[in-house]
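Before I ask anything, let me first share the structure, which is written out below as structure tokens.
Just so it is clear, A, B and C label the chains in written order, and each chain counts residues from 1 on its own.
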Amino acid sequence: MGFAGLSLYSQAVLLLAGLIALTSFLMLGQSRLVRLVLVFAIQGILLAATTAMVAGVLDFPHLYISAGLSFLLKGILIPVMLHRLIHRLGLHRELDTIEHPARVMMGGAFLMVFSYYVSVPIVAHSPLVTLNAIAVSLAVVLLGMLLMITRRQAVAHVVGFMSIENGLFFAAVVSTYGMPMVVELGIAADVLVAAVVFGVFFFQIRESIDSLDVDRLSKLTEADKP
Amino acid sequence: MAWLMAILQTLLFIGLAPLLSGWIKRVKCRLQNRKAPSLFQPYRDLRKLYRKQPIVPHPASWIFRAAPYIVFASTVLAAAIVPLVAINLPTARIADVIVLVGFFALGRTFLVLAGMDIGTAFGGMGSSREMTISSLAEPAMLMAVFTLAMSAHTTNLSQAMNFVLDSGLVLRPSFVFAMGGLILVTIAETGRIPVDNPATHLELTMIHEAMILEYSGRWLALIEWASQIKLMLYGVLIANIFFPWGIAQTFTLNALASGLGTIALKLAVLAVMLALSEVLFAKMRIFRVQEYLSFAYLLSVLGLLSHIILEAAR
Amino acid sequence: MSLFLAGISVAAALLSGLAALAAGPDGLLRHGMLWWMKKAPFRRTRTNERLTPGRFSRFARTAPFLLLGASGSFAVLAGIAALLGGGTRTATLPFGLPWLDWHLALDPLGGFFFCVLGIPLIAASLFGPGYVREFEHGKHTLSVLGLFTGLFVAGMELVLLADDAFLFMIAWEVMSVASYFLVAYQHEHATSRRAAFLYLLMAEIGAIAIILAFGVLAGFGGGLTFEAMRAAAPSPLWASVAFVLALAGFGMKAGLVPLHAWLPEAHPAAPSHISALMSGVMLKIAVYGFIRFAFDLLPSLFWQWGVLVLLIGSASAVLGILYALQQQNLKRLLAYSSVENVGIVFTALGLSLIFQSSGNSQLGTLGLVAALLHSLNHALFKSLLFLGAGAILHQTHEHSLENMGGLIHRMPKVAALFLIGTLSIAALPPFNGFVSEWLIFQTALQAGSIQSGVLRSLIPTASAVLALTSALAATCFVKVYGIAFLGLPRSRHIARAREARHPGMLAGPVLLAACCVLFGVLPTPLINALGTLTQPLTGFVLPNISALGWLWLTPVSPEVASYSPALVLLGTVAVGWLCYYLLYRRTGLEPRRAEPWDCGFGGLTARTQYTSGAFSMPIRRIFEPVFDTRETIEEQTDGPAKTRVTGLRYQFQVLDRAWQVLYEPSGKAVTRLARWVGRLQAGNIRTYLGYSFFTLIVLLWVVS
């Protein structure tokens, strides 16, 4: 059965999956940190909406709680924390310019095709219609890692890390009817702790090398440099 | 009979184009708290221009004189193949979407040549920028067309609209992205803010206006009319490909009337959105247009990828 | 019958070379004429009155071209006969190796390329007599030019006729070496010498690759004839090796990136009608070789080969046109544009290979037809553009676009013909360039029928690159036409240029322009005629191509896509005329001449207009990583503390990155290797005696 034969809910789930992929790409191209956090917040909200939709399609009420939790945490709490951190560190006026945005975008597109290629055998053996989106979730994970590699600001690294976690959560929602509630809560707590710890580390890094540019961390090398 | 209807539709198309421009200007003026000119002012402007004596600059050749006719003819032909009120008309078979892009390219080429014909810096500047922007916009537009064609299995506009009508209300991610890409390309190709300012005549800020700076009289009227038709063309493409409900599938009077009503409504809504974006955004400098068009290309590529990943039957 | 006509064509080409040699200053005919005039000076016959030196030199100029034109006409006739007749005609000639006669064969594929060869050849031979007049009193004789032109054409025709690898390679080498001499014709210029050397070097490397490719197939097939090779059954690994070698060899001759560096050097150095033949025809002979090898000789196709060809083709297309945009030398720009068009042809071939290897022979055939059509169209409009550039060069001796301008007023007929060439190459409806590009897009759009999702995402990306290429090509040629013909003249000798007076110099381009328009408006009969060609190669004939009649082009089916160029032309002309009538004739307002707008400052000169470099500057900035730009500014300062600038020299170069990336490192590596091997030649006689001694000992040991 083609796409048109799916129910409206399933179509909406797949549409939201596409939009989540779009937010990942947008994060790759953002040079201002405030906007990066905003796009990340949008990704969190879309993720919550997707979880709610899947709950509607598959009729699992506990996923509604999961959706609410991720909306609160990933859509509101963590972005607000990061936003306040950015303003406190005075980074909201800095530009983290990407050297070759075209190459980064092409790399992102290639990663998306690659994750599709990797997930073809997985999807072929499943009757679950929304499993098509597992390629998107893998792409979000890979694009999050690409974000971490191509950025110099440490805050962008955090956002990349969170984005990876978003992708894994999305994969879980789409493929296994959501994670068990315990695992869900545990991961949420981990993410929150990670955000707090990162915040502390930022101040520490800034004290040592007077900036949050991770390329400057190589000043800490032991080797003798002429 | 069907050919007669097709010709009537084309005449209606080109007749209504100035009205759309008038409506956009009206909405924009209202948003900027200004008093708007009448809705029919573009018609009066065109009539005024016809009656004026045209001026030919000294260095101009026959290309300067022939270009307005070729530009207008290619735009009218493009208007003939895009279904406005009814689909399944025979003119839709003459050319498909790729040929439509080719028609725009033909008009643009002659306009650019006419710009260079005078031997002034304005013409060269407008021509150079116009060709650069359109070169970057073509891949994005083609990718959007591809996305559409991969779902509908056709590039014939009439057939594509039939396909979308027959499948009912389907939330395709690929169509959403393709529409986004196409909207961005529309703004670039028709020369609206934030790519080009259609109301400016300052040297460093004009692109389309720079090419036609030397035109006057009936030639200017033809070119202005052609750019109004082009704007309406893109609007009709977006409205009828992605939201074709209401378009006439038979040739009864009821169906045609409802088709006309629905397209008028869709175009009015699109015009309000265009006017809003023109008021809210500032014009970009020329070397930022490449980022803008790369974003349009990204949207189109995402549309294609989401079609392959999310929509294709396994 | 078709083989007979082809044979006449080859003979005519050879005869034209001999005629040029004979009519030269040391030739037989001239000696004969002088002897006759010495013998009978007082006989007042009509022959004596006619044998003036002026008439004789005109005859010497025209006769070789007459024979070349005959060769071209017979080539076209042979091609049409082969296409309409279908089937293959074979013959053997008793030349060649003792155990291997020369096998000749003319099948529809060869026939099509005979047509591709013939039409530009006729146009070039019409153009030639007027053009070579300027070389008559130059440093080099026309006889050399004519001889090698004849050999060049004969070589190309024999390549098309060859049915065994030996004759193929002999004809290929004749073609390469003859064109080497043509490129080196004006060898007093160092650039010509360098270009010719580079050309010969790369042609030979390509030839070695082709020989090796044939060798692989011959090894498996047990013989050098194409028959034997078709029966060969190499393993997939060896078939891939042969394919890659053939792609490298034929691609080098066709001008695929990164093996294209000889093209922009060699084409400007040769005389213009030869450049037209090289760019229009010789590159297509390389395409023919590739199609023959891949579709005919190799037993089976793999989709990986198709992806490789598709990637290389797309890269060539986009890089070729980007470099073309940055050239100011008109012929160099046209050469880079040939790289782009060959890239487009190979993109279509790649698509065809992908579809064919996935079992979808209808779409494979469509891709092949699109590639063949684009080869023909490119031969037509590129020859037209080169002949136009030759006319400009002949009248004004100007190479660079930066000095041209306003030629439409001085050379209106050349300008009109060049405009048709420009519109065709920019792929605008209803001209022929658009038809072949449209077919390629239609082929690519059917990618939905392929199973692999990765390929389904690769093919649209390649076609987006193709769309970018065609838009950039329109930019490039609008720039060429606008800078060269429109606007104000940028130098004095351009302002005084005159129209080409020799009728042949206009007749050749007129023929090509007429073909461009004809094949643009009525492509369907041509595509239908290719049915006999595709049947043996891909096993499919496109039946739907004219499901709606000969006015329409429906490659897959009428519901999928249809295009009617004739109706488009009719519609455009009708609307244009209607507007003209209603607006001009009815109102009767005559336009009035005035000065262009100058912001009230006045003093608009030719220097205030856009230059060629300025027009393409935005593209250069946007695609910066592709180019290797070198900018040098030299200031001459004067006065106390050197503060006053008295002179400024600005030099800006856009170089091909392939030199930096591939050619210079390869050159250095070869030199290093040669030096290392050169250590064997120590110069000491005892060392050489030692080598002989050592060899003798080894041989004795082996024999025992």
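The rule is simple: a contact is a pair of C-beta atoms (placed from the backbone, for glycine too) under 8 Å apart; a residue touches a chain by one contact, two chains touch by 3 or more.
Predicted model, so just to flag it, every value in this text is computed and none were measured.
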item	value
Busiest interface, counted in C-beta pairs	B-C
Closest chain to the centre of mass proxy, which here is the mean CA position	C
Inter-centroid spacing, chain B versus chain A (mean Cα positions, whole Å)	37
Mean-CA-position distance for chain C and chain A (Å)	51
Touching two or more other chains - residue numbers and ranges from chain A	113, 116
Multi-chain contact residues (two or more partners), chain C	453, 457
Multi-chain contact residues (two or more partners), chain B	301, 305, 308-309, 312
Interfacial residue positions of chain C with respect to chain B in the complex	405-406, 408-409, 419, 423, 426-429, 434, 438, 441-442, 445, 447-448, 453, 456-457, 460-461, 463-465, 467-468, 470-472, 474-475, 478-479, 481-483, 486-488, 548, 552, 558-564, 567-568, 571-573, 575-576, 579-580, 583-584, 587, 589-599, 604, 606, 608-610, 614-619, 621-622
Contacting residues of chain C [partner chain A, same complex]	453-454, 457-458, 625
Residue ranges of chain A touching chain C (in the complex, touch as defined)	100, 113, 116-117, 120
Residues of chain A defined as touching chain B within the complex	1-4, 8, 11-12, 14-15, 17-19, 21-22, 25, 29, 101-102, 105, 109, 112-113, 116, 123-124, 132-133, 135-136
Chain B residues touching chain C - in the complex, by the definition given at the top	50-59, 61-63, 65, 69-70, 72-74, 76-77, 80, 93-96, 98-99, 102-103, 105-106, 109, 112-113, 115-125, 127-129, 131-132, 134-139, 141-143, 146, 149-150, 153-156, 159, 203, 213-214, 217-218, 222, 286-287, 290, 297, 300-301, 304-305, 308-309, 312
